[in-house]
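Heads up, the next two complexes both have subunit A, just with different partners, subunit B and then subunit C.
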Partner chain A sequence: MRKVIGRVSFLLIMMLVLGACSSDNSSSEGSAGEGDGSGKKVTAWAWNINVPVLEEAAKKFKEENPDFELEVVELGREDVYSKLTTGLQTGGKGLPDIILVEDDRVQGYMETFPDAFVNVSDKGFDESKDSFPTYKTELLSKDGAMYGFPFDGGPTGVFYRTDYFEEAGVNADDIKTWDDFIEAGKKIKDATGKAMLGLDLNGDDGLYRMMMTQQGTFYFDDEKNVNFTSEESKQASEKVKMMKEAGLVKDTVGWDAWISAMAQGEVATAPSGAWLSGSITQQAKDTEGNWGVFKLPAFEEDGNRASNLGGSNYVITSASNNQDLAYDFMEFFSTNDDVQLTAMDNGLFPTLNTIYENEAFTQEVSFFSNQPIWELFASEMNDIPSVNFTGNYAIASDESIKAQSEIMNGKKSIEEAYKAAEDRLKNRIQ
Partner chain B sequence: MNKAKTFPYFFAAPAILLFLAFTVYPIIASFVLSFQERVAGEYVFAGLKNYTRLWNDDIFWTAMQNTFIIFVVQVPIMIILAMVLANVLNNQLLKLKGFFRVSFFLPAVTSLVAYSILFSIMLQEEGIINTALSYIGITAIPWLSDPFWAKASIIIAMTWRWTGYNMVIFLAALQNIPEDLYEAASLDGANKFKQFFYITVPQLKPVILFAGILSTIGTLQLFDEPFNLTGGGPADSTMTLGLYIYQSGFEYFDFGYASAIAYAVVVMVGILSIIQFKIAGDE
Partner chain C sequence: MAKNLDVIEQTTNELTLAERQQKKPKRKKKKLKAVWMYTLLSIFLVVSIFPFYWMFIGATNDSSKMFTNPPTLLPGDQFMTNLTNLNESIGIFRVLFNSLFVSGLYVVIALAVCASAAYVLAKYNFKGKKFIFTAFLLSMMIPYQATLIPLFQMMSDFNLLNTYFAVIAPQLCFPFAIFLLRQNFLAFPTELMESARLDGASETRIFISIVIPSMRPALAAASIFLFMTQWNNFMWPLVVLNTNDMYTFPVALSSLMGLSYIDYGQVMMGVTLATVPIIAFFLTLQKQFISGMLGSALK
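Then we have the complex of A and B:
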């Protein structure tokens, strides 16, 4: 008898322990929407300033769909990716219905996990396709169907200190090419002693990427061939190197150093995506009224001055048990002018082109010396070239940064460094 | 009778089950995974492909080399520092012992990310460290942007973080050295230095070995410092095996390959531990 009791209690303990694991499982699956049976709750993962936008949108959506409920789980950006990767790795366990994914990452997920996201063209999103710039819709397309909702974009511009420019007698309107930019940088350095821009030479290649996009290409060309040794790549890299050699670059390691260089007035410009306006407005409050924006300089006079850096999209996971409702909500979210205007209030630049006529875009922004900067960014949207991120963006980015680092440290010439990077990259993605 | 026999198992059961679920299973699963690759979203058996690729992977060898350099420089410095500190803090004449002990141990319990961010701010080109150096006439050091100095920064950060931890281990061990050994030595006329080298060090040998093995494993798995401080750069000069495993899995979605690297690390930890045991001799 005792023996029996002993075995039974042993089993009980085992069940308790295993039960603890498995109940954990089902609860996280619950977040994937099958929920409590009502089927009206949708869960989303997003970070930072995207969260209030989702919540505002849910409120508006609720007016028509009173039963609808949205649970936004706020996670760090990197955490979203880690959790998404792990979730897809295990066949979709524990994933929410909706996830925010950035432009540079989304194709990696679409290629590595072909069934990860819901085909939104099947659900009728093609109708709204024309409301978004092609570079965005192409990014999210595979075999002619779209797998996500375009959200914000990063049309580029050069943010600059109007007071430094004035002190050095440089007129921003006269900067038409990158060579003009470098000349202006030298003048400003002489007059004010300030560096022209901050770059993380060993950790980020944002300027190179902007320059590549500007020239209509990227790490990979349209046929997915590695593009490091192309003429475009050489041109871009040469300009960055010239800036460095002219002493115009302050080496800022990491995001914080870059932003604080702006806040403390150590740099005169920052070429970046429109989203930077949110960060400097918040973190460099003292410099209000001393900033302006002009479009990226071109490679030759009258060349293309529109480019993109950053931006994100929403996807619905295939693991979601509530795909239709998630779709309805996201369609509303993506195409509703009011929702996208709240996004703008939060410092995100919407890619929904139906709102560019709105007066919010023509308003003068006091932080930027009363310049209507949103109009400037919006005017770029149709000229931003579509580029091929491919599923190997992350590896390519790693090699690109290495090549840049070797060039800037004087270890290798531009040709050598990019040739080596191209060879290594080909090896790594075969 | 029966009760007495089965009784211990009840208490062991939860621990064993958790161990099976969270240690044994992952070990086996990742071993299997290291022979697989992902094709069109599905895992398929790939034979030794991941391992042959590893053999020919420059980044892997660079990471090995970096890890080795950091290991060879950092571990001895840290162990010696920890031992010296432990001795000083064990001194009867020292006041405020508790305060010093806590201060040295504190880095080991601070948040990894917080300390890495602090270090990266201090190590900026115009950061507090270079500013301080400029007062004594040393020109700015490119702490994070030069391959050599980036490694040095990692070593400094690791030493700052782990010396106190090892010091506590040594402090505990020092309590076990009988006082009469020192007494006898001082009667024979041995000074403090001689006592340290001929009594303290030999007596601490097993503990030195223990700290050495822990640090070896820690260095081979080194991840936090390069991840937060340098991102493996410039140009892979601070790439470590731990960071490469993470990048391969979570950034490049190549979990099969990441598992293969992880197993290479396991083999190396095993080999190095055996060597250390052999050098230390005895048991």
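Then we have the complex of A and C:
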């Protein structure tokens, strides 16, 4: 009996000891993650390709501020939002000083949690406002003040296979409107048998979003009203439908299938953000030298050819105890040319416009048939219209994809599908 | 897991076939049937093993090979490269240690908690017993999303964020394990307990020296289940852990998923490594596990 009690209590004690030492050493390491402002240390959350940029910036910042220390916690992109939402729900607990948030999410957080992020205009960031495109600064503004630092952008273009275009006798320079694009697609299909582009018709509406932005609007108009039944929406959807009906679309379900279609040479083009270049160069190594880029076709001759897809921004959390230091570092990070050029090396397209004259932008890129593609993307930046993502972006996107799927499967006409989607969305927003 | 189920399925099939053959000596027809049976089983075998094989292919090849047509079906020579890259990205040893430590500790404590709870619910009579048991079962219906934020708030109030303890604490009392163990404890002969009592054994002693040893198979089954639950646990560790050196395997793997560029070589290598301990754990307890299943079947 005694023996047993002895054994049990020994076990219990072991557990307690183990538990205690595990929480001991971890809490000392973990304190930084809770942003308790221990002197000169700043913590940041970001996902993979952004980490080297932050670290490089920290190294440079340290030259002036020797005590400064940056801890980057590497997270998956979606995981950042899970943690950020949980933290904000509980009043900022466990949040770091700096967080990377994408364009399409940031307004949602600013609306749902108005006090979540630090007003950077108050701290003097307005001085640097002109160094960024308006669509970015407006995205981060609320009541005339900015709540974040613009970082990378996704100026759009059509990535295309130069060899297929040549084989079909199509000149990329002649594609000026979406109608030209569809005509070219037909020629390429006849000559090479390849689809013009891959789209996830039932799962993503990226092309529709690019087309909406291109026309200066989005799921929501300037007054934040649902915009599905607008003329712009109809035009965009019509073009996508025409592509589908002309047999130019390869249905690629999900991101991997889309990239895979490019790697295997099954599609001739991919309209997307500048960041796609990174994926193509990495995943489709065999096709080096057979790619080029032209700007998104316009809706009418001489119409706007600039648009945006994706991009991200840094914010400072109000829960941070080290806001001033975090601000100083982020201001340095955002406006330092050398730091932003490091971003280029990691496949990110900086929105800081003071660096566009740099050699990194004017150089010819061998993967893309020696075309200076970065120059092309940079030239779009000032023409990208600002649009309203609002806090309802996620559910709007959901409804938009449903509508697109109904149209492409021939279940409903464009008008019917978007009217229904608009009604459903209004119902969900209340 | 699926693989082992196949094995069990196969053995039971063999048994029934043998039995039938004894009864009806229509051998030819039976043989033909067996051929069909084995063809079908082989198909299932391939279907269940192929994902693992594909994972291994991915782990030994360059990321771009995942997208070629026709697909790469042979192991490549990038095993070491992927391993080194993965180690640079997430620090394999630290992450493996975290996961093993958290899961191991969890199994030990949770098993102790759940077994005691199950024993009481199975073998003692007291007021409110049914209510407590129903409450346990009903709590299985609460989705974890609903408890995520309150639990996070609690951990933060206790100052436990970013600790191993925070990872395992909320699930220590695991309703399904309690249910599983209770059903098994019910089958334990009460007479044995009574005679032990007559011999002067205390209640604790009965539980530890008499009931527990004969319940090994059930405990093995429960611990495999608990281990897997904790090993694969993603959302909760993600939310409570705040530094890369505290990450468990699933959380660290997820940090490889960025925006546009994902190195599948690293991801597949990581998944391969994450599968090994589960297989090892299962193989160690397999004997107990299967003898438990057969044992209860023969009763």
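Miscellaneous remarks
In the analysis below, the second predicted complex is superposed on the first by the 392 of 430 C-alpha atoms of A that agree within 3 Å, B and C clash if a C-alpha of one lies under 4 Å from a C-alpha of the other, contacts with A are read in each partner's own complex, and residues count from 1 in each chain.
Heads up, the rule we're going with is that a contact is a pair of C-beta atoms (placed from the backbone, for glycine too) under 8 Å apart; a residue touches a chain by one contact, two chains touch by 3 or more.
In this text the structure is predicted, and so the values were computed from the model without any measurement.
Look at A:253: by the touch rule set out above, it reaches subunit B but stays clear of subunit C.
Judged by the touch definition given at the top, the superposed model places A:310 against subunit C, while subunit B stays out of reach. By the touch criterion defined above, A:241 lies against neither subunit B nor subunit C after alignment on the C-alpha atoms of chain A. Set against each other, subunit B and subunit C touch different numbers of residues in subunit A, with C touching more. In the superposition on chain A, A:402 contacts subunit B only, with no contact to subunit C. In the superposition on chain A, no contact is made by A:187 with either subunit B or subunit C.
Of the two partner chains, subunit B is the only one touched by A:202; subunit C is not. When the two structures are aligned on the shared chain, A:89 is found in touch with subunit B and with subunit C. Using the contact criterion defined above for the overlaid structures, shared-chain residue A:73 touches subunit C, although it does not reach subunit B. 18, 82, 89, 256 are the residues of subunit A that lie in the contact sets of both subunit B and subunit C, per the superposition on chain A. Against subunit C, in their complex, subunit A makes its touches with residues 1, 4-5, 8, 11, 15, 18-19, 22-23, 26-27, 29-30, 32-34, 47-50, 71, 73-79, 82-83, 86, 89-90, 93-94, 96, 256, 259-260, 263-264, 275-276, 278-279, 282-286, 310, 347.
The touching residues of subunit B, when paired with subunit A in their complex, are 2-3, 6, 9-10, 13-14, 17-18, 21, 38, 40-41, 58, 117, 120-121, 123-125, 142, 144-147, 230-231, 233-236, 247, 249-253, 255. Taken together, the subunit A residues at the contact with subunit B in this complex read 2-3, 6, 9-10, 13-14, 17-18, 21, 81-82, 85, 89, 108, 112-115, 201-203, 250-254, 256-257, 392, 394-395, 398, 401-402, 405-406, 409, 411, 424. The touching residues of subunit C, when paired with subunit A in their complex, are 63-64, 66-69, 89, 101, 105, 108-109, 112, 148-149, 152-153, 156, 159-165, 202, 204-205, 208-209, 235, 238-240, 242-246, 251, 254-261.
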